[in-house]
Each structure stands twice: as structure tokens, then as C-alpha cells.
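In what comes next, chain A is part of two complexes: it sits with chain B in the first one and with chain C in the second one.
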Partner chain A sequence: MKRTRIFRTGWLVLALVAALAPVYWMLTISLKTEVDQFAIPPKWFSFTPTLQHYTDAFVTRSFGQYLLTSAIVAVVSTFFALLIGTLAAYALTRFRLPWNLDHKLSLWILSTRMFPAIVTAVPLFLMMRDLRLLNTKLALIIVYTAFNLPFVVWMMRGFFAEVPRDLEEAALVDGDSRLGALVRVVLPLVSPGLAATAVFCLIVSWNEFLFALVLTQTDAAMTLPVGIAGRVTQYEIKWGVMSAAGVVAMMPILVFALAMQRYLVRGLSLGAVKG
Partner chain B sequence: MPRSRRFSSALNRRELLLPYLLVAPALVVLLALSIYPLLYSITISLQQETPAGVVWTLGHFKRLASDNFFRTAMVHTFVFAAAALTCEFLLGLGLALLLNQQIRGRGLFRASLLVPMMLPTVVVGVVWRLMLNPNFGAINGTLKQVGINTESLTWTASPRLAFLAVIAVDVWQWTPFVFLVLLAGLQAIPQEPYEAALIDGSSRWQTFRHVTLPLLKPAILIVLLLRTMDLLRVFDQIFILTEGGPGFATEMISLYIYRAAFRFFDFGYAAAMSFVLLAVTNVVSVVYIRLLQAKA
Partner chain C sequence: MSIKFKNVTKSFGDSKVVDDFSLKIEDGEFVVLLGPSGCGKTTTLRMLAGLESVTSGDIYVGDERINDVPTQRRDLAMVFQSYALYPHMSIAENIAYPLRVRKVDRNEREQRVARVAKMLEIEPLLQRKPRQLSGGERQRVALARAIVREPRAYLMDEPLSNLDARLRVQMRGELKRLQHQLGTTTIYVTHDQAEAMTLASRVAVMKKGRLQQFDTPLNIYNHPANRFVAEFVGSPSMNLIDGKIEHGVFLSDSIKIPIDRSDAAVTIGLRPEHVHVSTAPLDGAIPASVYVTELMGNETFVFLLVGPHKIIARAPADFRAEVNCKVWLRLETDKAHFFPKEHSTDYTDQKQSV
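Here is the complex of A and B:
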């Protein structure tokens, strides 16, 4: 019994170290002087920290601007995806449409999420070029709204289905309209689910890379991931600056993810696993 | 009387229309940004510019059939997906079984494992470029420290090691996800079948084989489906880590399509290739969904 416990603890510690050490290594590189960065043997703990790379990235270079763009695009697209998606999800859970249409529409909406990104990236680039929207935040906001929409519909469908119908029927009997019942009775009950869905959309938009790479190439429009990628593929790489940008890009995501751990599995499996 | 009846029928009509009004914005957005681009893509994949103007042709698809680079990228993608999926599944299942009991610090463990899978993929690329750098990376540095010769371990500069590296990075990032889904599946299994197995005197392996696995099957299929779809379209980390190199060693299908479209501006050909990718992902997902429904 004792041996199996030691065995198990050993494996778990190994998994923990494997998961966290690489991220910690990036954190140290972002805080090390160039001399310490290239030190052999590697310095994991004993080095003099400096914030020089952070000021270099976010004050001297344009990473501050990329950060702002990422934030604006993520927040605005999340708002629209939630608004449009929640209404659709409500209709698809609460109304029986003829020819089983509610079910078929839900599946169709889900299937649009299954397209590999590169399949839509090529025509979306051409469409945005024709509309003269390349290198604008608007293009990314539009694309991310559509990208997150199927996800919102499926997550919210699950949350609406968990609310008993009797509650809104009582509101309807009391003379409330359908939308009144949705806003005053149902939405407050699903608000934890709504918040989890919102955080999920924020994470997905914040992390998204391929569409942003294709649609934005100017400093004024690119998001943080595209900005980082542009620096990594250059010949002379500023490792400290890269790592500082990487650390800043991951911080809000980690805070969000920890805050909504409970819904994480459900979100990542599009509502298929209730976790 | 007639007036009030007219009123109530108007109300009914509104009630009947309401679901369509609520769904309409979502449908418009998806038609404009998923379906229209797809049709657009079909059109350009069937058109070619010639001196005589734009003509309709199957030229792109014919070229595709004899494009060795395309075939190689396809093979890479499948080998990469199969290898990563196998490792992620076995490791994830192992961890889930280990942790499917009350132990101290489980919450902390779960939270720490979230870190890799929530990272922006671009940051994952950066993290591993730092780890794998042959000169100052933590991996070679640590190996040197314990006395291992790292001269031949150039990682992203050697074709074979680079391929192993991109697999390892995906396993690093996504094993936690497989683990979390399977753990959720394990915890949804009721106690009774286990008690019955105990009474029957089944061995641990028999219990696992005949009780745990069948009851876990839906969770397994869902997580395999989601991972396979993502693996077949892999782009971000590899773009940062190796850009498909050295040479063509880690070129995946999405990268090859990206290059055709945005380096060589051969949009028609890129569109044609993207349909092959779409068809492959569809076939794979249909197979999984069949398996899922067969058992349910």
C-alpha cells in the first residue's frame, strides 16, 4: 500500500514538473540579463532579475499597441458572439420548430465550427481584401464573432436546458412577454454559465493566431500573437523581449482559466463532457 | 369579441415568428462568414487565369494529384497526428486513473496541468524554442550538466529530431486536456459495477478491461475526436517552432496551404488543397460519430 502511494506521488510530481518547468524557464529568460540567459549550466534560480526586457518590449517597441489591439478585438467580438449566440441558443432550446428544424439547425451550427481554420482563412482573406478591411480591427472582430458563435450556441443550449421550464411559464402566466421572461427569469439563472462562456470566448480570441496572421500585417492592426510571431521568425532574435511578450500574453489567460476551472472541460469539449 | 380574437391571433403569430427572429442573426453571420467563404473557395479552386482570361477547369485538382510536396505534407500530418494522439491518450489515461481517487493536493495538481493547454499556441512555440535551443536551451544545458554530449542534439536543426520535437510539444500541451476529460468520465461512473466485479473476484486488469473501459468509451471517443480534428489542422506551434523545416521535414498540410496562398499567392491551388483537408477531417469525424452512436 505504501509503495503504491510513493509510486503514484512520484508520477504526479514528474507530471507537474514537466508541465510547469518549460513555462517557468520562459519566465526566467524574460527576467535575466543577456549574460545570464546564455549561461551554461542553465541558471534556474540564481540570477539577478531585471525588468529591462519588459520596458524594452512594451515601451520602446510596439508590443503595448499589440496588447491593446488584442484586448479590444477579444472584448468586442466576445460581446457580439454572446449577444447573437445566446438568443439563438434560447430559441433552439425552448421552441419546437417544424421538421425537427431546431435539432438540425443546432447540428449545422456546430458543424461550421469543425472547419479547419486554413480552409476559411484563404477565402476570408480575399473577401476582406475586396471589402478593403485588411489590416483593420473590424475584420478580426467580425471573423472572431463568427468563429465563437457556434461555441456560444452549444454552451448556452446546455445551460438553458438545465433551467426548468416551469419558472418562465410562471412568468408568462403573470403577463410577461417571452423576451421579458428570458431577461428577467432565465438569464439570471444561467449567469454563471454565461460568464463561463464569455471567458471562454475571450480566451479563444486572445489566443487565436492563424486568422490574425492572415488578416493583419501592420503594426497598427496586429494582435499580440502575430507581433510575437513576427519577432520569432526574424534572424536575430531578442530572446528577452520575446519572453517578456510571451509572459504578458499568457498572464490574463491563466487568471481567467483558473477562475473558471469548473467549466473548463465542458467548454473545451463544446459542451459534450459535463466535467 | 372579433377584435380581441384578432389581437390574440396577432400575438400567436408573433409567438410563432419569435424563434425564427431569435435564430436569424446567428444564421446570417454563419452564412456570411462560414458558408459564403466556402462557396467562394470552391469557385476559385475551379478557376485558373490564362492569357485568354479566367477559365473554369479542374487544373488545380489535377496538379494536386501529382504534387509530391503535397503528398509528403499529407503523410507528415498523418504520422504526426497518429503519434501525438497515441501518446496523449496513453499518458492522459494513465494520469486520470492515477488521480481518480481522493488524494491530497488534487486541486493544485489539476490547476497546474491547466497551464500548458491554456497557453496561447504562439507562446507555446516561444517556450519550446527557448527550451530546445541547442546553445543555451534548458534541455541541452541540463544534459550537459549531467555529462551527456549534446553536440548531435541540435533539435530543430535536424530533420528527425525536429519531427520528434513537434510531436513532443503537442503532447506536452494537450495531454492535460485528455487527462481532464477522461477524469471527468471516470468520475461519472457509478460504484455498483465495481462492487459487483469485486464480489465476482475479478482481477484489477479484468475490472479495468470489462468495467472501466466500456463505461468510459463515450468520453474516450469524444476526446479522441476533438484531438484528431485539432491535430490534422495543426499550424500555430509548428509555424513558430520550425516553420515546417529544416527543409521540408516538419511541413504539415496547413502550413503548405498557407505557403501556397500567402507566399506564392496561388489562391486557387491553396483552395483546392484545403478541400482535401476538409474532406479528410469530415471522413474522420463521421467515423468517430458512428462509433459513438453505435455504442450509445
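Here is the complex of A and C:
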């Protein structure tokens, strides 16, 4: 009994250290002077903190702009992915299509996520070039929306399937329209699922690197991950600036996930059907 | 509003669930659809509500053919078997939902909710959520949501099936009073024959998607159209004995009853109250042995064996007999029903073809 508890706690600590050590290292580097950064033996705790890298990143350089671009792209693409994906998922769970299309379509939709992203990067680059959308936020919004859609459809399909049909049917009999029943009855019941899906989409868009790198090169359209990677140059690597930007990039997701935690716990639809 | 089903058929794939169903319900009637599980009662109701498409045939509400009218514009209210209360809304919001959708203004909404809440005695519950209510309370809320507006008809799908026996009897009475008070056409689905008998102005008995008989409870009980209806309605069930009539005598294994009818193979049906048991030998009585007796309080059900036949009789509460005790039966043959042997005809009476 006791042995297993120690064993379990040990594993947890190990996992926690493995997960948090790089974060801690990044945090300290962002606060160390360049001299301290390379001190041997490494200075784990005792160094004089400085905010010079933060001012360097966000005042001298245009990391503030990258941050804003990232936020706009992530929020807008998440919004559209949720809007389109939720409606699609609802239709797929509630309407029977001819030739079993409702089942087949769901699989096709998922299959778009089965090949590696790099396969689509080049065609997307060419398409965006022809549309004159290279180096624009719109290009990233379109790509991220498309990229998140299958995920939204699959998540929401599961949540919708759990809502008893009776409830919508009751709403229809009570005189509500399909859309009204969706908005007033179904969506409130799946709101925890919707929140979880939104968090996931935001994180994916916020962290996305490959498409952003391929589609944007200018300061005006660059997202934070691309901006950070850009500090690795032929001549120097700006560890302090990169770490400072990394810490800032991490914050919104952390705060958001914590705020949403309450919604991520389900259980709202209990008591819907007598039992 | 009157409601009319005209040769309505519903198929799911290859299986016909409702088959050539015709029924005309007058305005203000309380009609019960009665039948065993899986006979298509719910499907019939759902077609009327527009939740299921009609494979062929027509449905009318008043003079309007509603086959292609979407659910939300049929103006019917339905109480679901599962109650289908909206779990994220308070009871008051649940009841007000049909009004909110119709954009009734807030003041009137509140007044009407208060009125039905009072009528159904659920005022103290209005601020709670559905999951905080008992089954009986949820059932009332579901009713309240239906009667808060004045629909063209109420559709109820076994609304009492999940309540305990006592509450069910109580709610049954309340439902009947309520319908009487409101005077709105009501179609009520159940597989409980006692519910059907007590509630209905007319009962429609269904079997395997086909209508068997549509008549008043009394006529259904006293003049069942076929063997199925006879057996399904009444508790305990009607006694059915297969045999044949020859030269004015009904013959079956160890039973011989003089019957004044022409020769034929028939099933004779006798209600338990028309079988009289006596512990003393009687002239012309049929000897039988007691299988078991069940005292119900105000009466006794006596299960009897006559040769290979099992027969049930109703006896007074003070009737006493040991198991295997020998008794004598007198049958009120003038109350007997006769059905063509082992062959149940479907009810297609002239007066029912609409």
C-alpha cells in the first residue's frame, strides 16, 4: 500500500520536473544578463534579475506587434472554426443524408488531418501567392480555420450526440425553429464542450509555426513563434530576447486555460431525462 | 380541434410500423391510443407532431392537411415520455419557453406561468432546476409547459409511466379533471389498459401498427371487436377457451356448455366476473379444481383448472378454498363472447372508414 503510494508520488514528481524544468530554464534565462546565462556551473537560483531582455524584445524590437498578430489570428480563426464546425457537426449528428453520407463525410473530414502538414504547405504557399495574400493575417486566418475545422467537427459531434434528441424535439413542438432550438437549448448544454474545443483551437493556432513561417516573412504579418525563431541568425542567437518573448507567449494560454478550467468539467446535462 | 388520420402508413426501411391507420377524433375528445409495447403508438403520435415523416396517407388537424407543415407551425403541445425538460433552465423558464419563442411580452409571460403553476400546484418549485425535482414534479412541469399556451391539441406519450402506482392513480384523476376544464382535444398514449379505461372518452386499440377497435371504454370492454381486444382489455384478462359448437353444445376437452348457436369452430370468451365459483355441488355446474387464490381485499381472484384449461373467476372477498380443493363453476353464457377460432380479424368496421 505505502510502497505503491511512494512509487506513484515519485513518478509524479519526475514527470513534473521533466515538464517544468525547460520552462524554469527559459524563465531564468529571460531574467539573466548575458554573462549569467553562460556561467559555469549554471546559476540555478542566485543571479541578479534584469528586465533588459523584455524591454529589448517589446520596446526596441517589434515583438509587441508579433504578439498582436498572433492574438488576432488565433482568436479570429478560432471563431470561424467554431462557427462553421459547430454547425457542420450539428448537421452531421442530426440529419440523415442519402447514401449514408453523414457517416462517410465525417470520416473524410477527419482524413484531412491524417497526412503531415508539410504536404499542404507548398500548395498553400502557391495559392496564397496567386491570391496575393502572402504576408497577410488573412492568409493565416484562412489556413488556421481550415486546419482546426476537422477537429471542431469531431469534438462537437461527440458532444451533440450526448444531448438527448427529445430536448430539441420538445423545443420544436413548443414552436421554436431549428436554429432557435440549437441556440437556446442545445448550445447551452454543450457549452462545456464548446469551451474545451475553443481552448484547444486557440492553443493550436497560437503555437502554430510551420504555416506561419511559410506564409509570412514581414514584421507586419509575422506571428510570435516565427518572430522568436527569427532571432536565431547566422551570426548570433539572442537567447535572452527569445526567452523573454517565449515567457510572454506562454502567459495568455496559461491564464486562459486556468480560467476555462471550470467549464472544462462537464456534468451540465445531468437531469435532462428522468431517471 | 378535430384530428383525422386517413390511411396513414409508416415504414422504417422494410418494416411497416403503422399500417393503414384511420381515425377521426372529434374536437374536445380525450382519445387514448392503447396497445402493447412496440405496436406503433409513439410513432403515430410523432407523425402527428411532425417529428416523423408520413410514408403514405394524410393527417388533418381541423380541415388543414398537415403532412408537410413543419413541427413548429403545427401548434400542438406534446408531453414526452421522458418529460424532456430543458436542464439548464429553471422551472419557470421551462414553462415560459413556448411563450418566449412566440415573443409574448414579459409581463404576460409571468402571469401565465404563475397561473398554470398555481393550477398544477408547483409554485414553490419555479426557481429550481429540473434535476432538483422528483419524477412526479417533473411530470407536472412537463404538463404545465404544454398547457401554458392554448394549442390545437395535446399529445401525451405515456406521461405517467415512470411514476409509482399511487401517484399514477392520483395524477390520472388530475389529468382527467384538467382536460375537462380546458376542453382541448387530447391524444394520450399508453399500454396500461386501466389508464385507458379511466381516462378516455374513446379508446383506440392498436396491434402491430393496425387499429383493432375504436370505441368508448364501456363498449370496448363489453363488446370487444376481436379476440386480441378482448384479451388485452380488462384485468384479470378474459378467459378464452378454444373449442367447437356442435348441435347446440360447446365442446372443449372436459367442458360441455349448451350454447344456442350454429355449428362452428370458435373461441369462447368469458370475463372473470361472469364465472361463479361454488364450493358445494350445483346442478349443471362444471367441476373444477382450485389452482390458487389471490385475495385482493375487496374481492378474490380464483385461478381454476378445468381439465387442461386455466380459468380465472372473481369471487367475493370472503371466498375461501384450499389449493386443489374441488369446486363447481357456473358460467353466465349469455355474457359470453364468441370469436372465430385462433384467428383474429382486424377491425375494419364500416363506420370507421373516414
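Basically, the second predicted complex is superposed on the first by the 241 of 275 C-alpha atoms of A that agree within 3 Å, B and C clash if a C-alpha of one lies under 4 Å from a C-alpha of the other, contacts with A are read in each partner's own complex, and residues count from 1 in each chain.
One rule holds for everything that comes next: a contact is a pair of C-beta atoms (placed from the backbone, for glycine too) under 8 Å apart; a residue touches a chain by one contact, two chains touch by 3 or more.
Note that the structure is predicted; figures quoted are calculated from it, not measured.
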Touched partner set for A:8, first chain B, second chain C, both or neither: first
Which superposed partner A:189 touches (first chain B, second chain C, both, neither): second
Partner chain(s) touched by A:59 [first = chain B, second = chain C, both, neither]: neither
Touched partner set for A:170, first chain B, second chain C, both or neither: second
Touching partner for A:180 - first (chain B), second (chain C), both, neither: second
Chain A residues touched by each partner, larger count belonging to chain B or chain C: B
Common ground on chain A, meaning residues reached by chain C in one complex and by chain B in the other: 268-270, 272-274
Residues of chain C that touch chain A when the two form their complex: 49-51, 70-78, 80, 82-88, 97-98, 101-102, 129-132, 135, 138, 145, 162
Chain C partner contacts - residues on chain A that touch it in the complex: 164, 166-167, 169-177, 180, 184-185, 188-189, 268-274
Residue numbers on chain B that touch chain A, as the complex places them: 15, 18-20, 22-23, 25-27, 29-30, 32-38, 40-41, 44, 94-95, 98-99, 103, 109-123, 125-131, 135-136, 138, 141-142, 144-145, 172, 176-177, 180-181, 184-185, 188, 219, 222-223, 226, 229, 232-233, 235-236, 239-240, 243, 254, 257-258, 261-262, 267, 270-271, 274-275, 277-278, 281-282, 285
In the complex, chain A residues that touch chain B: 8, 11-12, 15-16, 18-23, 25-26, 29, 37-42, 44, 84-85, 87-88, 90-92, 94-95, 97, 102, 105, 109, 112, 114-127, 142-143, 145-146, 149-150, 153, 178, 203, 206-207, 209-210, 213-214, 224-225, 228-229, 232-233, 239, 242-243, 246, 249-250, 253-254, 257-258, 261, 264-265, 268-270, 272-275
